[in-house]
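The two complexes that follow have chain A in common; it is paired with chain B in the first and with chain C in the second.
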Partner chain A sequence: MLLSKLRQALICLLAGKVTLSYPAKPRPPEEGFRGYPEVDVNKCIGCGACAAVCPARLIKIEDVDQTTRRMTRLLERCVFCGRCAEVCPEDAITMSKQFELTSDQARQDLTHVCEVFMATCKRCGRCYEPATPLDRIMEPGFRHDQIDRGGDRCPYPELRAPDSESPSTDEHDEHDEHLDEPVSAQVAQVVEAK
Partner chain B sequence: MTTQELATQLQERFDAEQGEPDGLASPGWLSVTVCSDRLLDAIRWLWEDAGYRFLISAGSDLRRERGKYLVTNLFAQDEHGIYLAVHTEVDPEQPSIPSITPIVPAANWTERELRDMIGVVPEGHPDPRRLVLADDWPEDLYPLRWDVEHGIKPPPSDCQVPREPPPEGSSVVPLGPYFPSLEEPAYFRLFVEGEEVVGADYRGFYNHRGIEKMGCSVLTYNQIPFIAERICGICGCVHSTAYCQAVERAAGIEIPERAKYIRTIMLELERMQSHLLWLGIAGHIVGFDTVLMQTWRMREPIMWLSEKLSGNRRVYGGNIIGGVRLDIPTEVHQDVLDMLDKLETEWKALYKSIPGDTSLMARLRGTGVLPHELAVERCVVGPTARGSGVAIDTRLDHPYAAYDRLEFEKCVHDGCDNLSRTLVRLDETLVSIGLIRQALQQMPDGPILTQIDEDIPGGFEGFSGVEAPRGEVVHWVLTGDENRPTRWRPRAPTYANLQVVPPMLKGSQLADAPINIASFDPCFSCTDRMEVVDMRTDDEYD
Partner chain C sequence: MLKKLCKKAFFKSLWIYHTNTGACNGCDIELIDVLTPYYDAERFGMKLVGSPRHADVLVCCGPVTRQVVPALKRLYEAVPDPKLVIAVGSCASGGGIWYDSYNIVGGVDVVLPVDYYIPGCPPRPEAILHGVAMALGLVEKQVEAEGLRQLPDRPETVPMDVPEHRGRK
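After this line comes the complex of A and B, so read on.
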């Protein structure tokens, strides 16, 4: 008995103090850690591959109009498998090192919404992703000035500038204020409250 | 006996037709169909004469494909390395099948599940009560039928599962519904007379997540591994491995050699951390927290290493159909070996300090006795079986991944008590260290994933058993057409082990109940079932 207790004491003494002073001192995870999947909305082309493979089925894709695809990620359900990052053709998703995601309002804090500008199919009128980045730029409505120039083809008639002939650069800024979020950039809006 | 000889025998004796639905001719696997009149004879022969061990049964709704329900009973013969599926077709007009529970007691829960989930009634079952479904789930709504949608919330009904009243003169000590020492949902009502436990009533299934239904209705083949890995919080990799192997066998996919070794290494890492975790909890339950502190300290480097190898401490997420998606490059081999060396030294020191500790021995030796015969009869698996002298280990009996190329032995102890089960786990941790060393050394270079270009064809079945830290995990898959299985039936080891807990508690001391239950390393979340036993009269309704 005594010998056994001495052995146990030795194990404890040899180990010494091992407790990390986390969270006072942060402990960064290892390289390759799969944490919060961050989406680079500027790279995303809205192809939907991530939604197709996500085992938690948390990426909802809906086309809100003929040129806007909205992707809602309910990341409170995320299982951090990294499949979305693996299949994304544009490498728009990175598995970050962030793991401290506890929140008392997980639904709000971990919901990520982004809208991607898509091309409209001339036949069926639904969204599709343009073949090349150049094609995308050529789409009406992609850039601010084109919204103004777009004339009848502009998807947001209420935003059309009164004089849509030759908008000057100065006017852009003005328009910016009136723009509805969905067209203010290639990817319009990121709601990401953390 | 080979599978072919077995097929001939079954054909001659019971008119069993081979290979329906189309079984893949993989070695050690046989699938036969027996009509329901001959089912009991066939089962009796397998169980009583041929030395088959019951695994699980599965009910599938094949009304769309064949106009029938399919009931599948799965067996294993460990000496000959054979897995056997006995299918019986059931007419939807008359959804009933003779119950095999009177012959094979271990089939008890799974047959009740058959009734709950598919609506096929096991005729002659000794306890035909509801098992799996919640109390307020309506009658006549069978979740695993294809025409019941995934995710429905039916209005609650007031069906009540009857509770077992305590035997005359005894009092009830509740343990749960949130099991106090294992921090999992399980509700034992212990019937005690003084200090002695004379009966128990177990109600579980609080954590049913409908994973099987998801697998057959909303997920696709390659989404399931990640969900399967979450069946268990401690040993998930075994589930994803077993599922992937089952699908690979069904579809005839051969995975690269390197992938097999990587799977082996991850499985053994998982076993080590699981056994260390268990030992810590066991120490905590018997009131010896130094064990908890020290084993969990030793476990931590395994977790950090897993994080480095796979990107996550626990849920490796490495398995996918056709191989693995995480590599173990040569640069990290040294890290793994260093971790193993350190662990081995510490483990041996710990091992030496345990047998001399009389207080620890007093809690473990001679308590929680699970007799060898009971262990065989109830088909328990894993360290629980090996602690009662039942020498079964899937890694050696039915080799998978790279285990057939590694050298190791089964760890068997025959004390049948808590101590034996502890020693089995202690030994196995050392074996795992050796296995990882061998695997790292032998691991060939090459690809880790087989590219799958064609769709997985429907109507094939695949099966795989994997030795989890808690025992044998089995997954049976029937492939379907919409890029998902028609039926996916996983069985966690605790499903088999938990059924034997109430008979084992009989006559034990109340104070030992937590460690007796915990010595099985139960995983309630994986299993969640229900059982009632009156131990004084030996009447079982389990």
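After this line comes the complex of A and C, so read on.
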């Protein structure tokens, strides 16, 4: 009995001090730790891949007007899985090492809103998506600095600006005929033609 | 004002009552981790108590399931005033990945007023320590609401893409 107590005391003395002095001294996490997902809005193209794979479905995407896509992240729900950073084609999301996320009003402090400028089709004025997955990969991005490159790749070539097409006079006349009609009527015509 | 009063009221030991409101056990294990000698939350005077009537802090882990709502309310009433509620884990903070599940009502804040949220799945033991140290007023909050609305660096006026061909030639 006494001997075992003595042995315990010896073990405790040999071990020394093991307790971390954490809040007093910083303790950075290990390599590979996934903390707060940081978003670089200048790289984001608004493709929505992160929203599609997020298991917590916390990335809400809404088009607030024709050229602005707003992404709201409710990061209070985030499980720090890193899937959004993995799929992001532009590497706009990085999993930082920030883990001290305690807050007394999580909804306000951990909601991240960013707005992305989207290029639109020159003719119909909508944000568009390339037709096939291959096109989607080839697409450099819908960013505003690439507006000149991206503007002509609308999936409805019939609706493109006439001057951006190969100059064929017959087509020009045909297009000009429809110009007074509303866009929806034009779309209907295109669908019928197909 | 109320916050300052709260800080005054909790400057001594916090005795915690741990409740699992539907967690997967990940957060519970991390919480037990915090009480081990390595992390040692007991040096702040924290102590795990066996009855809510002895506790100052209700620590909730996990999303609130439908089944647990009445029990959780009773538990909250059983804790003597003044009391704190700490939500540990993403599930408790906002529902986590189960927020829209058929048997989940949401995070703890749907049922009880939560004072501190510690997101993470599960949060690191250090993150939980940071949370309780914040409840004791030892450390400052690290996340601020300043990044709430982020716009890319672009010119003030957006070059509007007016189709020139719209007007007659």
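Just so it is clear, the second predicted complex is superposed on the first by the 121 of 194 C-alpha atoms of A that agree within 3 Å, B and C clash if a C-alpha of one lies under 4 Å from a C-alpha of the other, contacts with A are read in each partner's own complex, and residues count from 1 in each chain.
In this text, contacts are C-beta pairs under 8 Å (C-beta built on N, C-alpha and C of every residue); 3 or more make two chains touch, one makes a residue touch a chain.
If you're wondering where the values come from, they're calculated on a predicted model, not measured in any experiment.
S.K.: State whether chain B and chain C clash or fit side by side on chain A once the two structures are superposed.
M.R.: clash
S.K.: Does chain B (first) or chain C (second) touch A:63, or do both, or does neither?
M.R.: neither
S.K.: Would you check which partner chain A:18 touches, where first means chain B only, second means chain C only, and both and neither mean what they say?
M.R.: Both partners.
S.K.: Considering only touches as defined above, state whether A:83 meets chain B (first), chain C (second), both or neither.
M.R.: first
S.K.: Pick one for A:8: touches chain B only (first), chain C only (second), both, or neither.
M.R.: first
S.K.: Just to be sure I read the superposition right, which of the two partners does A:41 touch: chain B = first, chain C = second, or both, or neither?
M.R.: second
S.K.: Report for A:103: first if it touches chain B alone, second if chain C alone, otherwise both or neither.
M.R.: The answer is second: A:103 touches chain C but not chain B.
S.K.: By residue count, is chain A touched more by chain B or by chain C?
M.R.: Ranking chain B and chain C by residues of chain A touched puts C first.
S.K.: What is the contact status of A:116 with respect to chain B (first) and chain C (second): first, second, both, or neither?
M.R.: The second partner, chain C, only.
S.K.: Quick check for you: in the superposed arrangement, does A:75 touch first (chain B), second (chain C), both or neither?
M.R.: second
S.K.: Please identify the positions on chain A that touch both chain B and chain C, taking each partner from its own complex.
M.R.: 18, 29, 33, 55-57, 79-81
S.K.: Quick check on the complex: what are the chain A residues that touch chain B?
M.R.: Going by the criterion above, the answer is residues 1, 3-5, 7-8, 10-12, 15, 18, 29-34, 53-57, 79-83, 86, 95.
S.K.: Which residues of chain A touch chain C in their complex?
M.R.: 18-20, 22-23, 27, 29, 33, 36, 39, 41-42, 44, 55-57, 67, 74-81, 98-104, 106-117, 119-120, 122-123, 125, 144, 147, 151, 161-163, 179
S.K.: Can you list the chain C residues touching chain A in their complex?
M.R.: Chain C reaches chain A through residues 37-40, 43, 90, 93-97, 99-100, 107, 109, 115-121, 123-124, 126-127, 129-131, 133-134, 138-139, 141-145, 147-154, 158-161, 163-166, 168.
S.K.: In the complex formed with chain A, which residues of chain B make contact?
M.R.: It is residues 218-219, 222-227, 230, 290, 293-294, 297, 300, 304, 307-308, 311-312, 315, 317, 325, 346, 349-350, 352-358 of chain B that touch chain A.
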